[in-house]
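Look for chain A in each of the two complexes below; its partner is chain B in the first and chain C in the second.
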Partner chain A sequence: MTARFASRIGTHPVLAFLLFFAMFPFLVPYKALATQVLIYGLFAVGFNLLYGYTGLLSFGHAAYFGLGAYGAGIALAKLGVGSVWGGLGLGLGAAATGGALIGFLCLRRRGIYFAMLTLAFAQLLYFVVFHLADLTGGDDGLRGIPQLPARLPFLALSLESSLAFYYFALALVGLAVVGLRRVLDSPFGAVLQAIRENGDRAVACGYDINRVRLLSFVFSAALAGLAGALEALRLTVIPIESLYWTTSGQVVMMTLLGGAGTFFGPFVGAATYLVLEDRLSVLTESWPLVIGTIFMAFVLFLPKGIWGTLTGGIHGR
Partner chain B sequence: MVDLSLATLVTQLFTGLVLGMIFVLLAVGLSLIFGLLTVVNFAHGSFYMLGAYFGFFLFGLTGNFWVSLAVAPLMVGSVGLLVERFLVRPLYGRSIDDPLLLTFGLSLVLIEAARLVWGKIGVTFDPPRELGQAVNLGFTLFPAYRLFVIGVTAAVLVALWLFLSRTDLGLIVRAGSRDPLMVQALGIDLGRIRLLVFGIGTLLAGLAGVLAGPMRGVYAEMGVTVVIEAFVVVVVGGMGSLAGAVLAGLMIGEVVGLTTLIAPKLSEIMVFIVMAVVLLVRPSGLLGEAGLLE
Partner chain C sequence: MDRRSFLAATAAGAAALGVPTVLRAQNREPIRVGFPLPLTGPFSALANDLQRGATLAVEEVNARGGVLGRRMEVLFRDDQLKPAVGAQRTKELIENEKVQFVVGGLAAHVQMAINEQTKKSRVLFVSVSQSDEISARPDTSPLTFHEALNPTITCRAVGSWVAQNLGTKWWIVYADYAWGKQCNAVLTDVLAKHGGTLLGATPYPLGNAEFVAHLPKIQAAKPDVLLSATPGADNIAFLKQVMSFGMKKQMRIAQPLQWMPVTKEGGPDLYAGVYAGINFYWEVEETIPSARRYVAAFRQRFGTPPLDYSSYGYSGILELARGVELAKSTDSDAVANALRAHPVYDHYKGKQWWRGCDNKSFQDLWIVRGREPDKVRGEWGLLDVVNRVPADERLDRSCAEKGLA
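The block that comes next holds the complex of A and B.
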């Protein structure tokens, strides 16, 4: 019953996504949580493109989330860029560039080395940003990002109310999701999944799998960067922790909880994680202990995650 | 300008050596576990942290540092045995990423558990009184405790090398890393060997923790940066190569030690720059074999 419902959603994923998220702010205790789910969901979507669809486990995705956030934040707060679009664009660009550079280096090694290398480069970036305090605010984080209205040809949309910001974020996340759906349905998307299933065979079929992997890495970093840039606009400050390994771990956990390699898994996971965090942190300071335990249980017993289990997992979709 | 007299330089080289020794202890354990179990133990830093806290706890109980030094690593190794048996073992035969994900979750749990038991703020753990003074090395005074750390680590490494190269069990461990199927075909129960190696690896991490506690402070997150640096050491040395881990550990210890002297802000970054250079020039690491376990 649930499985049939879920597979029906699978046939019109983008429409289902938009319908659900149009109502979402009214289903959660407060609007900010809804926006957080959207933003972290997008972050997890980016991570999932690389892990779930291409089979590359990155433990350093905080780097691209952080590059997006700091790129947008520095543009708006320090460089005097006067438009939201400029800030978002620079954040996304910084993340994609960083993804291309780091991806190139990390893809020199495969498998488990790859995970460790992405983690190491993310830590490198963390320390660099930490020490460039004049530009980035260092330990205190970057403050003073102005709340500009989003200007379109005929109107300027104020983003100050949390509901307005939610729908602004939904429009962008929706665009990203549509774009991702098209990429995954394209021949390129098929090659990604072929690489995940059997890299050697993809090589034998004549695909330059290193180039495809790097492209997937850059796309993934760009999506994470857009999420980071949106988070910077939402908070108007960027805590230095957005670049720390804990943020990388968070997105890994969200994606795995929801279901890696599924289209909606990342959003389901982000919602589960954030709602759990929200509820648990009221009850106990040691909430990471509970989330860590739940995560371990998922790795052991439900490796397909919530959405993957409901819909039959990676291979069933 | 920084004072770069010969004495300062040599002192800093010794400091780098001590740091390098801690890296080596962690990296050797990681490398052993990875070689035989193909498990990247993300929780290795948490075992290091547990070693320091267990040492602190035992010191509070007995007032004797030597008891801490002897018993805490054994306690950590026992936790390691339980972790392998009940958490890691079910994942053999699944994706190589799964144990990494599991031990990541475990590290969160252990860090949070340490905060719960010993508090959010770190504790201080003094070196034993016998080793509290500085030793005159002729050109400089150097804390006796740090010399002791160098000695203990060197002794442990020699013992480990003898174990791996001169005993039957060591031979099985080495053979198991190279060709597990063949070893099993010869009628050897690799399950128990894996358990043993995970125990030894975590024991070494625990030892590194007890040794580091009096030098670097004891706090719940102490393992996090260290484990990432130990990963780098393993990558630079060449995965699965113990000699590589020793070489890279000492090298990176010295690089960090010297950078701290010349440009302190760069010291945290240097580790990663060394790694990037090695990756570009020699992707399989200093002493690693290309394509091993990828």
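The block that comes next holds the complex of A and C.
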């Protein structure tokens, strides 16, 4: 029953996504939590494109989230860029460029070496940003990001209220999700999954899998970067931790919890993780123990994650 | 005891103390104060101490009938010592719990992230841990109050005292992050003003307390004083290594900032003879009336004397209550104006005051020296008070230097 329901959602994923998230702020305890879920969900979607669809485990995705955040933050706080769109664009650009460079270098290795290289580059970036304190705020984090209205041709939308910011973020995350759906439904998306299942066979079919992998890496970094840029606008402060390896670990956890290689899994994972953290930490100081136990239970007994189990393991559909 | 039963017991205790006034106070909505602090993570011992001080303060306020006839309620939240979590928690407190004020934050970077949210929501924030930036441009605001000491004040006060009393040939070891770097810069400046010689300075990555490679060089330079800005658990590792090189006998050791829970954990063997600056040491109750009252109340409530951070938490909450009382309102702007208009207060360690231009609290601090193991009094009588450094606005940067003139 649930599987049928879930697979029906699977036939109109984008519509289902928009309908659900339009109501989401009224289902959680407060609006800022809903926005956080949306942003980390997008971050996890970016990670999932690389891990779940292309089969490459990056352990340094904090780098692109951080590049997006610092790109947008520095543009708005230090370079005097006077528009939200400019900030978002620069953040997205920084993350995609960073993804292209780091991806180009890391994709020369496979498996654990690839994972370690992505981690090493992310940590490298962390220390660079840590020491460029004049530009980045160092370990105090970057502050002073102005809260500008989002200007459209006919109106200026104030983002001061939590609900306004949520729908602003939803519009952008929705666009990203539509874009991702198009990519996954295209022949390119099919090649991604072919590479995940069997790289050698994809080569034998005549695909330049290195180029496809790099493109997937750049798309993934851009999605993570958009999430980072939105987070910078939301908090108007960028903590140095957004580049730290723990942020990379968090997105891996969210994706696995929700279901890697599924379209909604990352959002389900982000929502589960963040809402649990939020509610449990009010009740007990041992909340990491509870989340850790749940995570282990899923990895051991339901390795397809929450959404993957509900949909009976339908990959991507 | 978990937090719920603890709060229930607290409420029951407060009710028993003053039934008629409390009943009156219960008729109206409570005044709610949000309090993010790192209950998990490396600073959890300090955070627990901070929480106790704030708890005692709110109990005292409610026992005497609340504020403006309304009960005061403090909502503690775990910020995990992470700025993003601190920011999210603050949003939750303001949006969901509808807190009127925020007190808290332990560590500069988390305070600043909290401050960004309170500024946006126009909520008064009393910050209770060290930071130079929080009371300077661009971070500060008319609604940002800083109750704690800061690196400039602490390191100027301790540095001047050390230069005048222990010697002027120094070597500085500091953790390479915001607080450590600021302290190093201030100490270097103070030493130059006293005509001293800086033989060298050794930065090290915070949390990576490996000094063995540096110590022979420091030993060979023969400084009068080895100054250490090595916070938290690093401090114990640092002193152990210094001791194993026999350097405690060759030179004086002075630390601008020392924390009581860390001092106790390291033990008197390690800390004997080490000079340090501290914002409050409970034995000053012998000379200061408000400290005597505070220490007695704290002991009665928790069975131990108050430590460094409980005192900031205690004063932060009481100051907020005083501000609301003065303003006769819970409007953040009105309370902030009232505090600036009546800046002098004394909750636990003698006279303190707010400087109007940057909302910075000025307060005494003390120079202490670790007691020899055979002189230690009980569990927490670990230090001898050597000197009191009176509150002085000249110890901090001026408002012009902070970009606020």
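Keep in mind that, in the parts below, the second predicted complex is superposed on the first by the 312 of 317 C-alpha atoms of A that agree within 3 Å, B and C clash if a C-alpha of one lies under 4 Å from a C-alpha of the other, contacts with A are read in each partner's own complex, and residues count from 1 in each chain.
Assume a residue touches a chain if its C-beta (ideal position, glycine included) is under 8 Å from a C-beta of that chain, and two chains touch if they have at least 3 such contacts.
From a predicted model like this one, the values you see are computed outputs, not experimental measurements.
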{"item": "First (chain B), second (chain C), both or neither touched by A:Pro29", "value": "second"}
{"item": "First, second, both or neither for A:Leu117, with chain B first and chain C second", "value": "first"}
{"item": "First, second, both or neither for A:Val237, with chain B first and chain C second", "value": "second"}
{"item": "First, second, both or neither for A:Pro146, with chain B first and chain C second", "value": "neither"}
{"item": "Partner chain in contact with A:Pro288 - chain B first, chain C second, else both or neither", "value": "both"}
{"item": "Intersection of chain A interface sets (partners chain B, chain C)", "value": "288"}
{"item": "Residues on chain C engaged by chain A in the complex (per definition of touch)", "value": "2-4, 39-40, 44, 77-78, 80, 82-84, 87-88, 91-92, 95-96, 108-109, 112-113, 116-117, 120, 133, 138-139, 177-178"}
{"item": "In the complex, chain A residues that touch chain C", "value": "29-33, 36, 133, 138-141, 143-144, 147, 160, 162, 231, 235-237, 239-242, 278, 281-285, 287-288"}
{"item": "Complex contacts: residues of chain A adjacent to chain B", "value": "57, 59, 105, 108-113, 115-117, 119-121, 123-124, 127-128, 131, 245, 249, 252-253, 256, 286, 288-289, 291-293, 295-296, 299-300, 303"}
{"item": "Footprint of chain A on chain B - complex, ascending", "value": "34, 38, 40, 87, 90-91, 94, 96-98, 100-102, 104-109, 111-113, 115-116, 224-225, 228, 231-232, 234-235, 239, 265, 268-269, 272-273, 275-276, 279-280, 283, 293-294"}
